[in-house]
Every structure is written in C-alpha cells, then in structure tokens.
Amino acid sequence: MLSVEQVHFHYDSDTPQVVPHAVLQGVDLEVKKGSFVALLGHNGCGKSTLAKHFNALLLPSGGRVLVDGLDTAAAENTYPVRRMVGMVLQNPDNQLVSTIVEEDVAFGPENLGLPPETIRERVDEALRAVDMWEYRDHSPHKLSGGQKQRIAIAGVLAMHPDCIVLDEPTAMLDPRGRREVLDTVCRLNREQGMTVVLITHYMEEAAMADRVVVMDEGKVLTDGTPQVVFANGDLLRSVGLDVPQPTALCAALRARGVDLPSDILTPEECAAALLERMKK
Amino acid sequence: MLNDITLGQYFPGNSLLHRLDPRMKLTLTMLFIVLVFIPRNWISLCGAVVLLAVTVALSRLPIKLLWRSVKPILLIVAFTAVLQIFYVTGGTVLVQLGPVKITTQGLNNAAFIAVRIACLVMGSSLLTYTTTPTALTDAIEYMLAPLKVLRVNAHEIAMMMTIALRFIPTLVEETGKIMSAQKARGADMESGGLIQRVKALVPIIIPLFVSSFRRAYDLAMAMECRCYQGGEGRTRMKKLCSAPRDWIALAVYLLVLAVLIALNVRFGSVLN
Amino acid sequence: MAVLDIQNITHTYAAGSPFEQHAIRDVSLKTVSGELLGIIGHTGSGKSTLIQHLNGLLRPTEGKILLDGQDIWEKPKNIRAVRFRVGMVFQYPEYQLFEDTIYKDIAFGPRNMGLDDAEIDRRVRRAAADVGLDEALLEKSPFDLSGGEKRRAAIAGVLAMEPEILILDEPTAGLDPRGREQILSLIRDYRARRGTTVLLVSHSMEDIARLADRVLVMREGEVAMLDTVERVFARAEELEQMGLTVPAVTKILLLLRQQGVDIATDVYTVEQAIERLLPLLGGERAC
C-alpha cells in the first residue's frame, strides 16, 4: 500500500525552517494493505514529516515514496495519491471548512467532482461510519473535540481512501474524546479493513496497533509488533518514550522472579495473567 | 453569549420563505430595496409596507425578532429623522426657536424616511433570518459567476465567505481565552485614557494574529489533503434548484413594483 | 502562605440558555497551605469555571471566595491585586506570548504590578531559571523557540509575579512524553523550593497521582470527591463509572478485585503495585 524507500528529506535553505530537526535520514517503511501501524517518537523525530510524504504534501529530497505503486514525486500523481491516502491532522478546529457538518464532509468528494447523488450517499455513509449522522446539520464549533475529530475522519472517509493517516489526532483531546477517536479508528481498521497509520506519543494508543514503528532523529529505530517493541523498555526510555504501564509492571515483576509472559500490553491482559499466576 | 450573536442570524424553520431558492431570495431582497426607495407618497409607501408585512407573515418568524434587528439602528433612524425635521422647510411652521423651525413638511419627511429605513432593515434581515449562511454563500457564488469575464473569481469569494463564517465563532472564543490569560497577568483593559486602552489591546491582538496565521496554515494544508484545487472541476452536494414558488414570488414582487410606480404617478410626491 | 477558602459558590451563565451545563453548583473547598491539589473531571464538569473564580476572572453568582480570610470581591476595583497573588496558567499558555522577546514577555506581569526595573529584572531571571530556560533565550523572539520552550516561557510569565497560589490548567496538554516530564518536574521542583500552594487541573490521572497530595473530583458542576490521592483511588470503581480513566496500574488491581482477589486499589505507581502484588504471587524479593 505505502512503500517508503530510503527517503531523505531536508527543508530548502531559503525557506524558513518550520521544524528544524525534522529531517529524514534514510527511512525505509512498508505499510501493508489492511494493517494498523502506529508511528511513535518524540517531537522533532521526523514522524510528522514522514506522514506528509505519504500524501505528497512533501516530496522526498532523496529516495522515493510509492502509494499503491504510484510515485508521489510525479506531478500527475499528486491528486490520485491524496485521494487514496486521507489525512487527519492534530487540531480538530483547524481542519473543518464548513459551517455545517454534512457540508464539511462533502468538501472532499466535491473537490473530486463527483455527481451530487454520489456525494450525498458517501456523506451519509461516512457520517454513519463515525457515528455522527445525528449531528449532520449541526455547526462544528458547538461540538466537542472528539466529535470534531470524528467529523474530520468522516471527511476523509467520504473520499473513499485506501489508507488513513492520522497525525496525532488525540493530542488536543480529553480522555473521552481520545477514546471516541481511537474506537472509531480501530473499528474502521477491523470492520472495513481500512489501512491505518496512527502517529501518536501515547503508548497505550500505540499498543492498539498491530505494528509499532519507533522513529528517532529521522530514522526508524525499531519496528515490530507492540509486544516485541514494548519488550525493549530501555531502548524506548533512551529516546524519551516509555512502555505502557501494564507492560512495565509485568517486566518489573518478572525481574523479581515472578513468572509472567512478556507480551502483556493492556490492563485486562495483565490482570488475566496475574490471576492465572495466583491460581498456580 | 458572544458566539450566539455572530451565528444567530439564521433561525431554522420550514416556512415558505425558508424554502425559497436562496438565489431568488437574494434577488427579491435587492428588488425590495428598490421598492422601498420608489414610493414618493404615503399611499405608495403603504404598498411597500403591506408587501413587507405579507412577507414577514409568510416567514412565520416572531415579530419580536424583527424588532430586535431594527433596535440597534434606531439611533441612526432617529438621527436621520431629526435632521429632516430641522433641514426641511416648507408647509406650516409649527414651532420656531430663533433660526430653527419645525414645519409640517419637515415632520412629514422625517416620518417618511423613518418608515423607509425601518422597512429596509427588516426586509434585509429577513434574508439572513431565513437563509443559512452556506445557502447564501452558494447563491452569491452563483450570482457572481457571470463576473468571470471581469476576472472576478466567484468561487474564491464564496470560499472566503464560508471560511470566515466557519472561523468567526472560533476566533471569538479564542479572543475570550487570550483576554482571560492576559488579565490573569494583570493586564488592565478597563481603565485609562484612549491611548492607554488602545495600548492594552496589543497583548490581545498580537496573539490573535499569530494564532489566525497558524490556523490559516493548518486549514490550507487540510484543504490540500482533501484534494482542493480551486473551483475548477468541483461539484456540489446540494444543488440550488428553483421551484415554481420562486417564480411566483418574483412575479408578485414585480407586480407590486409596477403598482408602486403607478401610485407614484397617480398621487404625486409628498416629499420636499 | 495564603489560603483560599471557597464557600458554597455557584455560577450560572445566562439562566435559561443551553450553556447552563458549564455552571458550578454549591462548591466549597479550602486549600491547605503548601499543598498540591489535583483537580480532575470531564470537559464540562465545571473545573475550568471553578478555577476562573479563584483569581477573580469570573464572579460567583452566589457564595464567597476568601483569600486569607478576605472576600476577594469586597472591593471589585482591587481584583487585579488578587490576580497577582493567585497566579493562573491557562491551557496552551504559549498562545498568549506577544512581546518581541521572551524577556519582555515574562516581564509583562511584573510590569503590570508596577514594580521597579531592578525588581522586574530579578524576577524575570529567577522565573526563567525556575522553568529551566537558558539566559541566552531571554533575548530571543518567542517564535524562535520550540513548542516545549514556549510553554515554559509562558509559565515563567506567571511565576514572575511570584504568586502565593499557583493554578495550572492542563499544563502538559499536547506535549510529547519528554515535554510532559519536563513540565511536571518543574512544577514539583518549584513547589519544593517555594512552598507555593499549587492547584493542578489535569486529565491525566497518572500525573495527578504522581504529584498531588489531595484530589478534587468534579462532576456535573459539583464536588464529587475531595480527599487524599490514596483514598480517591481506593474508589477506583466509582471513578470508572464517572467515565474517568484511572491509571493503568490502578485499573489492573481493580480488575483483580472484581475477580475476587482481596486487594485494595489505592495504588497508582508500578512500585506500589509490586509491593501489593508480590505477597499474593509468592515471588521472591530479589533486590
């Protein structure tokens, strides 16, 4: 689906340095159709810069990015690529265009030049998929952050993308909003087979993915299932990240000689494992 | 709340007026403005008032609402009326204080103009009260489209209006937050002379500008992500479509226009 | 140190409007000198409304707020003096930076206090040091700083007023783990050094658990709980029912308890949990 090959990126010297350290130094990444990839890393590690390469917002200075075989660097591919790879940004307020929810969702399909009846169908379908159909004629500014972010997701879905990239979609939300957005994303991945790339710096969110890619200083640091990546707590802590608390608890207990599995991610798994151990 | 005032222009409903094509409503509003300026005598003006009354009745909006729209400009109405009283001389002198005369003609003119302005404001408020901002923007886009020959990009104008409408409440809210934050640092906005008060606005206006630019940058990026390439090749989900009722409404307005002109001719002018 | 005594305050926004849910009802609270009080609750639970009363940005519809025994609204003209004593750091405080240098921006508060230049200079430098900003950054424009530095500079702008009570609304919102850690440790260090009473509003139970002495839980404009951290987390079930996220460790113990394991949920760190769990697991105390 997404294929990143030896991508380097630096801002041109004549443009103001928007993100001074966010340069990519040879990133290789392959995202398979239907997978759910979490991209972790602290600010300035290049994860947002990388994300902008997925839909041709930025073009690599070296190497190439292929979306379903299309090279993003070719001018004629720009819009097909943007249709295929939808992007949801961090600030829910700054990505909604219209004063009415359903018209905002229609914005993308309208840009694609689809016939009105098709747009109508897609808007309804997308709003139902994010569970916001009842709010279709509301004004976005009166909705909560989580609801706005779901509208933004609907706006992307209505373009019938093959992949959704979410750039820290929960950073500005409260816990309830975060849960709403994550549930929506997980559902889309599980039920509709949507390819998801979730950029985040919350470990618990990354634990929901089926693959975690950790970036540091413009490079991929580790890449694997959450179980494998979070098993290496020291490496993560060395780049300013952490492991989910349940994983940390199990690791600490193991260090004290308690026999526990090393692939624990969620409180539920952890409690189940502990219970199992206590029964022995 | 401040938020509600800015967006509170539209009052949801399903009256005949709500259902009219926004393009027609825009046309009718312009026609109404002409209508209000045509009358030269009270009978003719009555015609315009009756037309307004019928339109208001069809909108099913509470009269109180329309009164609210006129209230803020009462001062202007009063001011214009007073000017008329003092400047227009003619007819019988009722009161004379030195050089200042109040005449029957002056009073007549003042009343006439006051009614005229009130009608004008109510008539145009009806448009925003019964039309959503988006519908209005679409109508403007459609009606400006012929200006393409003059290199006016109607789509861009409409897009700007939409974005402005979308972000006004957000920025109003943001202004409130920034004001609180600066007040918490002891900013004093309530006292001092004019210059001091203007100076006190700097800590609010600069962050507001900075944040607007940031939002503009984000929004531009979000629009690009959603394949926005300007008006070219774009379609709309909601198409404007006119129904017979639109043409009937137009016919009624044109008829009234003709009647008012006839009344003008028949009864002459009462204005000085 | 000053004590805030909030007595039965109620705040109703334009009655009859749909915004009434933001109001607070009959909230009472007395700060303990030098404590760190965590405030949690959903968006719309009234916590923002509550804190804006504490420095006189909002005036209660009913009830009184006493600062060292004195009603802050006794002389409304003097409300600015209250704002210097009760410092408030808003959410995303970096959005309030407006001067052309960090120095001038931090000096904004002290200047409004009418202090002389020498005192202002002392306070600016001290506040910058408090938040770990390098002296060299003081002459820079706020726009040349990184996100985390901007946030710290904005916090310094409030610290420079040397408030007796410091309120922070979601000071770590939107930051990455490293940025969050920096802000939290600066709050902890500052408090240890100055003994300032701190009120910390946060969505993150983990942060509250680590820093706070007491926790205030707000629900629908009312005080739902006000107690020590341990006692509040011991009621983890209720917190979950309110839809608040308890720390993962607390959640694990809660799940165990629901499965019939006899264990208390009044813990919130990995270390505490180990202490509780080891006896049950029969593991050896290796170190």
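Letters A, B and C mark the chains as written, and numbering starts fresh at 1 in each.
Throughout what follows, contacts are C-beta pairs under 8 Å (C-beta built on N, C-alpha and C of every residue); 3 or more make two chains touch, one makes a residue touch a chain.
From a predicted model like this one, the values you see are computed outputs, not experimental measurements.
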item	value
Required steps from subunit A to subunit B (each step between touching chains, minimum)	1
Taking each chain's C-alpha mean as its centre, the one farthest from subunit A	B
Intercentroid distance (Cα basis), subunit C paired with subunit B, Å	45
Distance between the centres, which are taken as Cα means, of subunit C and subunit A, whole angstrom	30
Subunit C-facing residues of subunit B, complex	1, 4, 174, 177-178, 180-188, 202-204, 206-207, 210-211
Residues of subunit A that touch subunit C when the two form their complex	42-44, 90, 144-145, 171-172, 174-177, 201, 204, 240-242, 244-246, 248-249, 252-253, 255-258, 267-268, 270-271, 274-275, 277-278
Touching residues (chain side subunit B, partner subunit A) in the complex	3, 7, 132-134, 162-163, 165-166, 169-170, 173, 214-215, 218-219, 221-229, 233-239
Partner subunit B, residues of subunit A touching it in the complex	55, 57, 79, 82-83, 86-87, 89, 91, 93-100, 102-103, 106-116, 119-120, 123, 139-141, 152, 155-156, 159
Residue ranges of subunit C touching subunit B (in the complex, touch as defined)	13-14, 17, 19, 52, 55, 57, 80, 83-84, 87-88, 90-91, 93, 95-98, 108-109, 112-113, 143, 157-158, 161
